[in-house]
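Labels A, B, C and D are assigned to the chains in the order they are written; within every chain, residues are numbered from 1.
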Amino acid sequence: MSNNLIVEREKGLVELERRIAELREASAAQPLDMSAEIAGLEERYQAILRELFGSLSPWEKVHMARHPARPTSLDYISRFDRFDELHGDRHYRDDPSIVGGFAFLRSRAVMVIGQQRGRDTRENLRRNFGMPAPEGYRKTSRLARLASRLQLPVVTFVDTKGADPGISSEEHAQSEAIAVCLQTFATARVPIVAAIIGEGGSGGALALAIADHVLMLEHSTYSVASPEGCAAILWSDASKAEEAAARLKLTADDLRRFGVVDEIIVEPLGGAHRNAQDVVTRTLDAVDRSVARLSSLSPEELLDERYEKYRRLGEWQAQSLQPAGTAQ
Amino acid sequence: MMREWLPSRRARETPRNDAALWVKCPKCGEVLYRRDLAASLFVCTRCSYHFRMSAYDRIASIVDGDFTEIASEVLPSDPLQWSDKKSYQTKLKSDAENSGLSESVVCGFATIGRFPVALGVMDFHFRGGTMGRVTGERITRLFEEARRRKVPCIIFAASGGARMEEGMLALMQMAKTTAAVARFMEDGNFFLVVLTDPTTGGVAASFAFQADVIVAESKAMIGFAGRRVIEQTIRQRLPDQFQTAEFLLEKGAIDMVVDRRELKEKLVRLLEYAVREPVSP
Amino acid sequence: MMREWLPSRRARETPRNDAALWVKCPKCGEVLYRRDLAASLFVCTRCSYHFRMSAYDRIASIVDGDFTEIASEVLPSDPLQWSDKKSYQTKLKSDAENSGLSESVVCGFATIGRFPVALGVMDFHFRGGTMGRVTGERITRLFEEARRRKVPCIIFAASGGARMEEGMLALMQMAKTTAAVARFMEDGNFFLVVLTDPTTGGVAASFAFQADVIVAESKAMIGFAGRRVIEQTIRQRLPDQFQTAEFLLEKGAIDMVVDRRELKEKLVRLLEYAVREPVSP
Amino acid sequence: MSNNLIVEREKGLVELERRIAELREASAAQPLDMSAEIAGLEERYQAILRELFGSLSPWEKVHMARHPARPTSLDYISRFDRFDELHGDRHYRDDPSIVGGFAFLRSRAVMVIGQQRGRDTRENLRRNFGMPAPEGYRKTSRLARLASRLQLPVVTFVDTKGADPGISSEEHAQSEAIAVCLQTFATARVPIVAAIIGEGGSGGALALAIADHVLMLEHSTYSVASPEGCAAILWSDASKAEEAAARLKLTADDLRRFGVVDEIIVEPLGGAHRNAQDVVTRTLDAVDRSVARLSSLSPEELLDERYEKYRRLGEWQAQSLQPAGTAQ
């Protein structure tokens, strides 16, 4: 049994999908008209999909964001018109949990940087489950500085449980690595567009997400801490993660309302992996539009707008920042 | 704020939850008379254990005289309408009562060794020093005002990280403070941080490690991930030394470890290099 | 310089000291026909071993057509009046005869994939690619002129380090080239380096590792200290992989490892990101 | 037996020094006038000193530069009016072979950075015999950048056989660390004064010595490679180090003539350690004078002059650069 709620739910669907496919095949091979039967099954299938995925709770979205088949950074990056990967922090190591390099997005040269989890166990081990070490954040800072030097817009893909919490990461000053990354993004003299495509976990995610325009997939999550971590910290009980997920306001809708996210990319019913092709295309379109718009600004305008954006975020007075749906 | 602010504020002494006259040192077990402990800046006179210090005690131990607080009117609210066992509002109120603070940081201007400085002091007694919107807002205003005044900024960090109960709005304070720090530093101003026990998570990973000079108090626990999280991840106990100030010094992450009783003198020395023009008394 | 420069210069092919028609691959032992080897850019057709390449062969393999050399009138002299078994002058002369070069670097301007670039190519066949005064002077002039023209600069590094026979004046070329690179880069110009076998010492530790993008050829030996020196210091044999391009990639020191046969295409791709405006043909 | 030529020579002197001291003591205790005898011995002593040390060959200077009692960086730094050490590269480690921090030199705030070898075996082990690892050069770059930000002049003390040639130094990109150090010094917008106080070995020394004014102690050496290394490289025979030392033109006089060094600090007969107090004082005086002079220049003037200085160094044409003494 998978520990992913969504994967579990999908298991029933597989049987239905198989039956529809079989009927279609039979129908094509026989003179018998089975179109009514097929249509009936398909209607039922769609109804089940709507029932299962039509309205996802925050906790369900957490599982959707972690779905093993959900498109990862490389699924987006490979759909750029071209990608030339750059490696290393120039000091200590190349961290495979961060992938970055030059790319063309529609005929526009950009620097793209993404957090990359594995798409199977082996890759997950190699990529440390998408949790960057300090070397990964230092690679990120280096590439962002290079982009700033060469006047290339920066595009980032955020998909991490969080920064790596291991011993050597502490020994190599994880705090410093993230802090410098934040400072680099805050001061880069080029447009920055970030897309939260999966799990956006804590400061380790934010390190790649200080941006002039932040996109977020409908079922992605972006959170001050993982629900499990939050529950452990506040209630010493990780099993209360579902409750934490609900309280943390980590959904795209909530964050759009708070102004943390600027634009939401709608996902197909059942999640991005059910039509990855389409989701990636629309995401890249949205990134492209933002980069195009931001490219008309001077570096000074960009920096001023970026400063003001984050300056206003979470301003203390604004009662209007409260999510409309939860107002009492 | 008037000169009298100090004695009145100082009436509340660390550790706050212990109303007794005697305090037991958690490290060596020595029983210390509270007034002696305060006189030694909350450092155990026997084993040099550094008790966690309240913001106003800290300020009093560092500034020459007056301290003009800013942004004290910026007060926390409850953007997520958070409630678990208690509501967030209730937690804020009870922390405020226990700590005498309205948020996890006190910001203002003072002179230290006759140098005008911007001073931000975090306090672990308020929500574990976590950074909420108001923490970020106050620190941001401090850096913005320090930039206008062209004075150095000193921050005493003490934090469990970003505050859960304000969700992503808390995390965004990392971005906001970072941006303010960057502008402040780009103008050539001096930023010094003192890491006190404990400094972790979103505070460590934003403004704290962006400073020109990073001082840490003896034995302070400093890191990104919490000790428990790491132990759970690696499934083994960490050595005691791990994530201490002394450990970080060896690992090259910080500039120096200082005993609290020598801290003010050290800060003044450092200001003398960076500023070179103390005001006349 | 005229269009005809290439065929005449290319007559001298690597490896130069072997006049025979056949060359044996030092890695796999395959006996290769010299013309085939040249056609495959001096890469063994069987095992992909990259032979060291002469500067003009390299240039021919990279540029679109013409190459306009600069600073070829800057010629080495003998500042220290060095003499051991042979005089330094004699060594320079014999290296010049064997390599067809007047110093360890050839600098000039060309187009690569229609991008105008400044191009500096070091050659290990001249004094082991060591950096003397003229090496430094030519590279410095290249960066200065590239800065004036606002074109990217590509350097192919191959060096045993600073040249002993010119003493400290050789070492000072690290400072001189660094200063020129810094000025060039401060103006926002793009600097790309290709590390070829071997790149060590004072060249690795100055301009080579200052580049925006660092490409290395497959299996190239790259390091600061020479392998022998390290082995003598630690008194043990180093693993074969140590200090190879692939090793450095894993250690995060370089951006990518490229097979020579794909190098030109890769360089053009990289220029397209950094420059974005190739000239019309 | 010491492997240091100078230390060996000093052994005979010790006996003479002891006898002079004994005579002095005896003379003070007795009514007998021994002043003539004492004067005679002292004259002899001085004569021997002159004979032993009056004219040192390059090879002898190499040994003088490595003399275990020769003042080290900390011997200079401790004579600043104040010193507050800063530590670490902020990434990986604090390298004890580089000592740096804020200091006051005569009432002027500066950043001081020095290569520090050990003054005994134990300290030598801790400080890696003064051979910095990449972390040491990264600390140096960090402090130089900080000085540039705070407009503090930079004072460096050079005393190293060279950069550490160990495995982990290669793994941590020693080349990159030195290259960045050079670039940082080339572009620092503050006065830089370097003093070659002992052995100046190769790129690992130069990393701290790109400066607006370079001082060198009379018997220090500054060289493209150690004589042993040079002999090993050129002749595969390290025993020819003496010959290499002569050829390399590594003495202060040679380098002053070449323009590599701007000013020579004269040493007492027998070397700096025979009157360290005086040598340190005169060195700090000279540093102070240079800093004072350079402080009147604007950052742009400083950078232009520094650029021109290194631009001209080792210019290919200039026959006049040839040491006068060796011209044929």
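By definition in this document, a contact is a pair of C-beta atoms (placed from the backbone, for glycine too) under 8 Å apart; a residue touches a chain by one contact, two chains touch by 3 or more.
Just so it is clear, the structure is predicted and the values come from calculations on it, not from any experiment.
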Most distant chain from chain B, judged by the mean position of its C-alpha atoms: C
CA centroid of chain C to CA centroid of chain D, Å: 33
Averaged-CA centre spacing for the pair chain D and chain A, given as whole angstrom: 55
Chain B and chain C: spacing of chain centres that average the CA atoms, whole Å: 53
Multi-partner residues of chain C (each touching 2 or more other chains): 209, 251-253
Residues of chain D whose C-beta touches two or more other chains: 90-92, 171-173, 176
Topology of the chain contact graph, where touching chains are joined (line, ring, star, complete, other): other
Partner chain B, residues of chain A touching it in the complex: 163, 165-167, 169-176, 178-180, 182-183, 186-187, 202-203, 206-207, 210, 222-225, 229-230, 233-235, 243-244, 247-250, 255, 258, 260, 306-307, 310-311, 313-316, 319, 321-323, 326-328
Complex contact set, residues of chain C against chain A: 185, 188, 190, 209, 212-213, 249-256, 266, 269-270, 272-274, 276
Chain A-touching residues of chain B, taken from the complex the two chains share: 74-77, 79-85, 133-134, 136-137, 140, 162-176, 178-183, 186, 200-202, 204-210, 222-225, 229-230, 233-234, 238, 242-243, 248, 251-253
Touching residues on chain D, where the partner in the complex is chain A: 90-92, 134, 138, 171-173, 176-177
Residues on chain A engaged by chain C in the complex (per definition of touch): 82, 84-95, 102-104, 109, 135, 139, 146, 149-152
